[in-house]
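In the two assemblies presented below, chain A is common to both, partnered first by chain B and then by chain C.
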Partner chain A sequence: MSSPKLPPAFAQGGAPTGAPTRITQGSKTKGGIGESTLRPDGILKVTGEFAYSSDMWHEDMLWGQILRSTVAHAEILSIDTAEALATPGVYAVMTYDDLPAEVKHYGLEIQDTPVLAHGRVRHHGEPVAIVAADHPETARRAAAKIKVEYRELPVITDEASATAPDAILLHEGRTDHHVGHVPHPNIVHRQPIVRGDAEQAAARADFVVKGEYHFGMQDQAFLGPESGLAVPEEDGGVHLYIATQWLHSDLRQIAPVLGLPEDKVRMTLAGVGGAFGGREDLSMQIHACLLALRTGKPVKIVYNRFESFFGHVHRHPAKLYYEHGATKDGKLTHVKCRIVLDGGAYASASPAVVGNAASLGVGPYVVDDVDIEAVALYTNNPPCGAMRGFGAVQACFAYEAQMDRLADAVGMDRVEFRQLNAMSQGTVMPTGQPVDSPAPVAELLRRVKAMPMPPERQWESSEGADVRQLPGGLSNTTHGEGVVRGVGYAVGIKNVGFSEGFDDYSTARVRVEVVAGEPVATVHTAMAEVGQGGVTVHAQIARTELGVARVTIHPADTQVGSAGSTSASRQTYVTGGAVKNACELVREKVLDIGRRRFGSYHPAWASAELLLEGGKVVTDGGEVLADLVDVLEDEAVEVEREWRHRPTEPFDLRTGQGNGHVQYSFAAHRAVVEVDTELGLVKVIELACAQDVGKALNPLSVVGQIQGGTTQGLGIAVMEEIVVDPVTAKVRNPSFTDYLIPTILDTPVIPVDVLELADDHAPYGLRGIGEAPTLSSTPAVLAAIRNATGLELNRTPVRPEHLTGTA
Partner chain B sequence: MRVNFTVNGRPQEADDVWEGESLLYVLRERLGLPGSKNACEQGECGSCTVRLDGVPVCSCLVAAGQVEGREVVTVEGLADFARQRARSEGTRGSSGGPGASGTSLDEARAWQARGAGPHTGEGAELSPVQQAFIDAGAVQCGFCTPGLLVAADEMLERNPSPSDADIREALSGNLCRCTGYEKIMDAVRLAAARQSEEV
Partner chain C sequence: MDFLRPASWEEALAAKAEHPTAVPIAGGTDVMVEINFDHRRPEYLLDLNRVGELHEWEAGEDSVRLGASVPYAKIMEHLRAELPGLALASHTVASPQIRNRGGVGGNLGTASPAGDAHPALLAAGAEVEAESAARGARRIPIDDFYTGVKRNALAPDELIRAVHVKKADGPQQYSKVGTRNAMVIAVCAFGLALHPETRTVRTGIGSAAPTPVRARAAEEFLNAALQEGGFWDNGKVITPSVAKQFAQLCSAACNPIDDVRGTAGYRRHAVGVMARRTLTWTWESYRGARNASKGAA
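And then the complex of A and B:
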């Protein structure tokens, strides 16, 4: 068997100089942390050579295809695969009855998701059967020949239908660990957070605002479709080349369904074309492995965009009910809220999303008296789970709208009102957890407000209006008439890392040796590089800690311990921390070798603080003691070690009290929009962001993350929504023709102000950054549209009909 | 059916092509050129953009049979293509007029990775727009990158000194989900500014 095209290892030479940074290991080695070194995979990505999961190819490979349910909720009366199986070119057709092991379900936390439907489908697009054939079109046509007889059942689509006394149960006989504390079996998880006495505090309020908000279902819309290649191996196992966010989590779910021990399922990360939470759950992984093991041939599965909309979980749509109170001098008295998240047919990450929505439900403000409840429902809508911002996004949209309304009621400036109530280091969260690192909420607001405003009527030119700068753009719908400007502000709080007592560790293997006369470090982790730049940062950390110019990043696979998930803004913190820790241990071993070999030549070996810098062992005074090459000779030093951040605790199931989060992350936005009030068209002119990042390990990548997250927040504000038919629970817009994500024309300039206040608990003082900018972007845009139009706008995304009164 | 066409200057022959196959499928699965990407396969995202007889097209919307006898340039051939163009322009002089609306090199560098040199790896020869995408941080997951590079390169060929509005208009058919486009703007401005300085 010829070997498949594999994801390459990338190496990067000594990177350029930059400003020195204060770090434990000194800063003489170029290309270390704090510099904007360039991506080690950049050349491969611009030349088309980077091997994404959909680029995998193997001699004799087959193509897999999944048959999905055409209805949202039904009993399956029969499945007839005979005609499909008889199609020339078809090698296998499999249904639930063909699953090889006792385990036939999977799931991140609760194993409630059938690999293939068993007697019932619970959402539109649920996998029912799989086909392998020698051409993707043959596989598609064969799948279309499978006859499935459905008897449709009533659909459960919202809280009322889910919790009605006679509601059909989505999952009868639940045995998961949440079932004991939920008020109805169609509720996945419920988390109250009660602190102080909101009822009593409400009596002190001079002003009370109540609001009901609706948040639409967003899709991650990563561009690289779900895909991978499963290659059967001679020992009866299988090797899967896959785009995922967490190799070891996939492995734990895949192996039992295949009936194989984990060491017979080898996983290698293929190139990942974006993720944003949508690759936390399995998609085609098990299906490809099943077909490969059944046929004895390599099987590749690649979703098209239509299927991708059904192939992964989405961001939870939500209904949010809020009550805020304030005294006449503008101090918050209390917050009551109830957040109802629609989890869809299967649990996915819903319980953790509930925990986030509840614990971050009042936002970055000081409020002593709170009464919060968050729930996630089981319904027949598409399953929802992780997406960038994870529960905190929905809450931020609602509490920031409330803060504007309350500021107006009190008669204060909206930014000043926020600053007056802003949390800071030392503030106690509604969970009782004190915030023990910088929380510069007021400062971020000040900074974003201080940025220069974009000029008025920027669309005017000497030759008349440039329609490209106006709402409607080249559709030429206005030359400025009916166009009004608005400005809005918002700020948010996101947790970093996995919370609520989860053992959130990572593993790194670091090796240093002499190759071709030069010291080279190799960093091997299972971290999923999904585009965020973790591989860039790992190389920087290794250069800083080991003082070597050349670092090779080993492809991520399951031959090394788990790195945890590339989500929750955690990888630079946790796997970065693991790489730093492993490097420090390697450094100590290298210095021990040096002391053994050269210690007798110079007293500083024994007495001085020693560093590795620029390929040399130096004293902290800068004296060179030896070349690393001479210390190591032909010896390789390698360490593999797990690394953990501070532990967290679960939230109490009745009161929500507990030190549940590792770290918090803050961003603030100012949006400037122009609205064509006659047609309801919105043009976002500028979306400025200020964010505290603790320490920017790679400033260029940090700004890239902030701008990308900001743009996804813009998408939720004015464009993006998966529309689910309320009667049939079927998805109406599964394509990029009908589900719109921001283009370069929809996206404004995004000035970014980066603040670096170190968190002393985190490696290098860094703060996880990927998600915070997705939170405040949306409410800032909504606030700006409200400011322009005077409309209440309690749902997102805002559509033209909401602005013209024709909804 | 059999399809004969030229890809990146080399004659290619694809056999046993099913009539429903797209140019994108033939490039990726039959000719071993997976650089053109398959993000939507419905002509909405631009990740599969190639040049067909010089014109940028979504290769997912071109039936393989339609390219018989024609010339295709993909991201894999972009560096060669740019080099040859520069050589022929060097003999003819620059094709573009003075850049009244473009961005000066100094301004375009304002965002640049601090202190970054030109070398990021193993001495691959890149086209100016490819190098600019790396330098400016315009690549994250990279799935949109090949299509954007082909589209941006074609725009700079037509319009060597584009204004920001020109760049946005030219790239409006290419979706990116990671970057928020700011660093893509930076990259195209940088490529244009470097190009105009060389002339």
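And then the complex of A and C:
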């Protein structure tokens, strides 16, 4: 693909490092980038009018229901579907034996997940059979009538049981490309990163701190449970309306199992109620399509909350072992660490999570001598995969705890110690990759520390204690007794985009034409809008690049090329970049038409410095040459193009060296908490954040993302955890009654300081932003609780029993 | 599942007599959760929402007769003076939406140890008005009401019509521990009521034993200590050693379990802390009122 010929003002890389990119084209067009234009679906969502995937309805449709395993690890001796099939209203019951194609497994990277269990179940809640009936209750009852005979097997729940010499193999006969380099077949992937000589450097250390940390299993807890509608089509294919994060990735996994070519599986994005990584893997997609093709009728499947806890992967729980050293003047000497992630029964995104945890394992610091190892296990615990922060979250929790302890050992202020060791542009990562765009780590810490502190004892009022301001809130547990304030800091580093050599591209189709006397741009991508605000930003980019007021965002579907995943903080960068690129190509074509039609009327047409502004062709001096309407007449200009960011490389399997990442994203937090030290209850008073976003395309969205990410990090700090029974490997709290997420009373004031230092390699200098705030929020809250209580607290979430010695 | 919709209390009693397995439903806070989770599939649901009188309350000379379906939001709004402990407990129930629907009758019917109203009802001293078509109405003292885990003293043909709660004759407090600052099921809870008229103290503990319980030994200890020291009359500050022993005895009254919401050890500990704090708050309030009335005189 040839790059568009652009006047110098449009070219990337022209702006001086560290300054916002100068943008000429579109700077006078209203509703362009840099403005806080409102979400098109915002009011609908707030008023309850928005149609989510679970709201879909089709005449004559059936309801699908999945029967799931009641045990974590067992051989399936028999499945008897006779009684279920005989239930009036039931149209189909399917098991593994009914799968129509040779391909019966799927997976994001490793196709190890059976569509329906075959002879064995490997985790609690694994799909065993599916039912379609004319009423959801009929389907549910019929599923309950399927008799499955299990012979239970010992459960593998941790590293020791997974790698024991006599351990049962979760996946015998592995053929994936990791099996050759893992130390045990129950390890999905192992990534060492070795740089310098950590052993030798340790000898120079005046202070060494060692720690062991435990990170709990977090759920994405998106509010719209998994759901979709599969409609059989006359050509023998199927049309799936689905809430997902990546239509084309789903398509690639669905079609082979249905025995259909990809062009016979059409997909349209349905209303997505949040994702956070939990919709990267398939859930009910294949099941709905199978039942629709089997019955010849539309089939809808909607999980309830209980099933949703079993229906998607979670954030990997982790055990992390760290050793840090420093000289007495506070310079880091070395870091050694070992990160053990529990991937659960199937691979999902585990290999990539391992790569992130390893390559970002020391955090945003300068250390020349590192020795890192990250592994992901196969166990009988719930499968774990993508969630906001993706491997970097677990590491940040541990290395930031270590940095506090090391600062204390050296006798330095914790923030100054971090600033002294902070990376900056030019720092070489443990992978050997130089950081070649701004990395304002010390500055973010300075900013977050400089914010005014929230006043003390805000609960005191003339009418006594305001319990809403106190730990325990409305539960009225303290009127100030036992309450101690603590402050903590943390900073983190997250990669943006898909790494390790992945061909991470997006496609955009942009069209401009005159509709009802007005120039209108249409942007068509397959980008999944999951709440991140891509639909808003795409319209802003089109306005900026094409100088039109009206932009139509076409529904996302597979009638256009892949937009990649809405994850890894990548969509504004990559699909935004694709939209920008397609718009630039359209603009060139429009100007060509203009030159052809009107070039002879004005010498300025020959100049390359023409802009589209306010529906007109103008010179960069502001002189109007023509109306866009007159240039286009009844011609439509359309371009569809793939767009790629800079390529990356895989990490060396032995040393971890390689330019594996595209871009880095940094955020710092200061947490102020008040802890009822007697009852072990925590109130987070404030979580201040400073983040470099490169360029805020939509400042309101940016702040919203930062506040949301910060809150999700708070959740894992003090309440969110899927509890898995260590004896049975069964989930103990699959409901919002016992899996707690922060309410508005738990959510503190979140002041946000947005820094905009352009990354010259990225469109508009922007930086992916969605995940970084989730990293540093958790360790900042933990640090603040440690500060208030004096306790060590090496696990998250912190529960009242950990703060009161009653665990 | 059959859905029975009686239009009056008499029809409701008749329906319950005819179908003793029918599960009464008003706000649906507990019943709908159980049905949604498939924990139970009752043959009959007995919808009490058309029985208007269940939504009414009446404040008498000594006690309040609280209809079984009076929602928590109304208790918070209208009965704060008469039933301060129950009003505080109502504040901690779930979310505003649920507080608009749920009532004390449901808490009593389910008789879960985690029901938020129980400790307040135990501390205040309440009687449950139950009725059957066959035998008419009877009043069950709250102390005899909870008979086991999620079991109560109702006969299969009985419905809860109202609960009679003594009007507060002294300060009352209620605390609940949850691992979130709102909308949370109790890890454990504690209710305390001072009864200056009888010079007694009553307690209630939630979620720390198979049933809601009173800490009787703690009450007896405190009653004796207050009596011996002449505290009711002299209004002195309760000595820390008395408060501490009271807290320890409240902890000792617990018989908790380890579960996904908390450890047994934590529950015992937290009940002690809540006992000490609520005793301090109620006693300071009692002293304040006493000193204020003396000042006025």
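Going forward, the second predicted complex is superposed on the first by the 776 of 807 C-alpha atoms of A that agree within 3 Å, B and C clash if a C-alpha of one lies under 4 Å from a C-alpha of the other, contacts with A are read in each partner's own complex, and residues count from 1 in each chain.
Everything that follows uses one rule, which is that a contact is a pair of C-beta atoms (placed from the backbone, for glycine too) under 8 Å apart; a residue touches a chain by one contact, two chains touch by 3 or more.
Here the structure is a predicted model, which is why all the values come from computation and not from measurement.
Contact with both chain B and chain C is seen for A:304 once the two complexes are overlaid on the shared chain. By the touch criterion defined above, A:38 lies against chain B but remains apart from chain C after alignment on the C-alpha atoms of chain A. When both complexes are overlaid on chain A, the residue A:743 reaches chain B and chain C alike. Using the contact criterion defined above for the overlaid structures, shared-chain residue A:163 touches neither chain B nor chain C, since it reaches no partner. Applying the stated contact rule after C-alpha superposition, one finds that A:135 touches chain B and leaves chain C untouched. In the superposition on chain A, A:474 makes contact with both chain B and chain C. Of the two partner chains placed around the shared chain by superposition, chain C is the only one that A:719 touches, whereas chain B remains out of contact. Touching more residues of chain A than its counterpart among chain B and chain C is B. In the superposition on chain A, A:800 makes contact with chain C only, not with chain B.
By the touch criterion defined above, A:735 lies against chain B and chain C together after alignment on the C-alpha atoms of chain A.
The residues of chain A shared by its contacts with chain B and with chain C are 304, 306, 468, 474, 735, 737, 742-745.
Per the touch definition, chain C reaches chain A in the complex via residues 33, 36-37, 88, 91-92, 173-185, 187, 260-263, 265-266, 268-270, 273-274, 277, 280-281. Of all residues in chain B, those touching chain A in their complex are 18, 20-21, 28-29, 32-42, 44-45, 47, 74-76, 78-79, 113-117, 119-122, 124, 126, 130-131, 133-135, 137, 139-146, 149, 165, 167-169, 171-185.
Per the touch definition, chain A reaches chain C in the complex via residues 304, 306, 468, 471-479, 481-482, 678-681, 683, 718-719, 723, 732-733, 735, 737-738, 740, 742-746, 799-801, 804, 806-807. Within the complex formed with chain B, the residues of chain A that make contact are 10-13, 15-19, 35-43, 45-52, 54-55, 57, 135, 137, 220-225, 271-276, 302, 304-306, 466, 468-469, 474, 530-533, 699-701, 703-704, 707-712, 735-737, 741-745, 747, 749-750.
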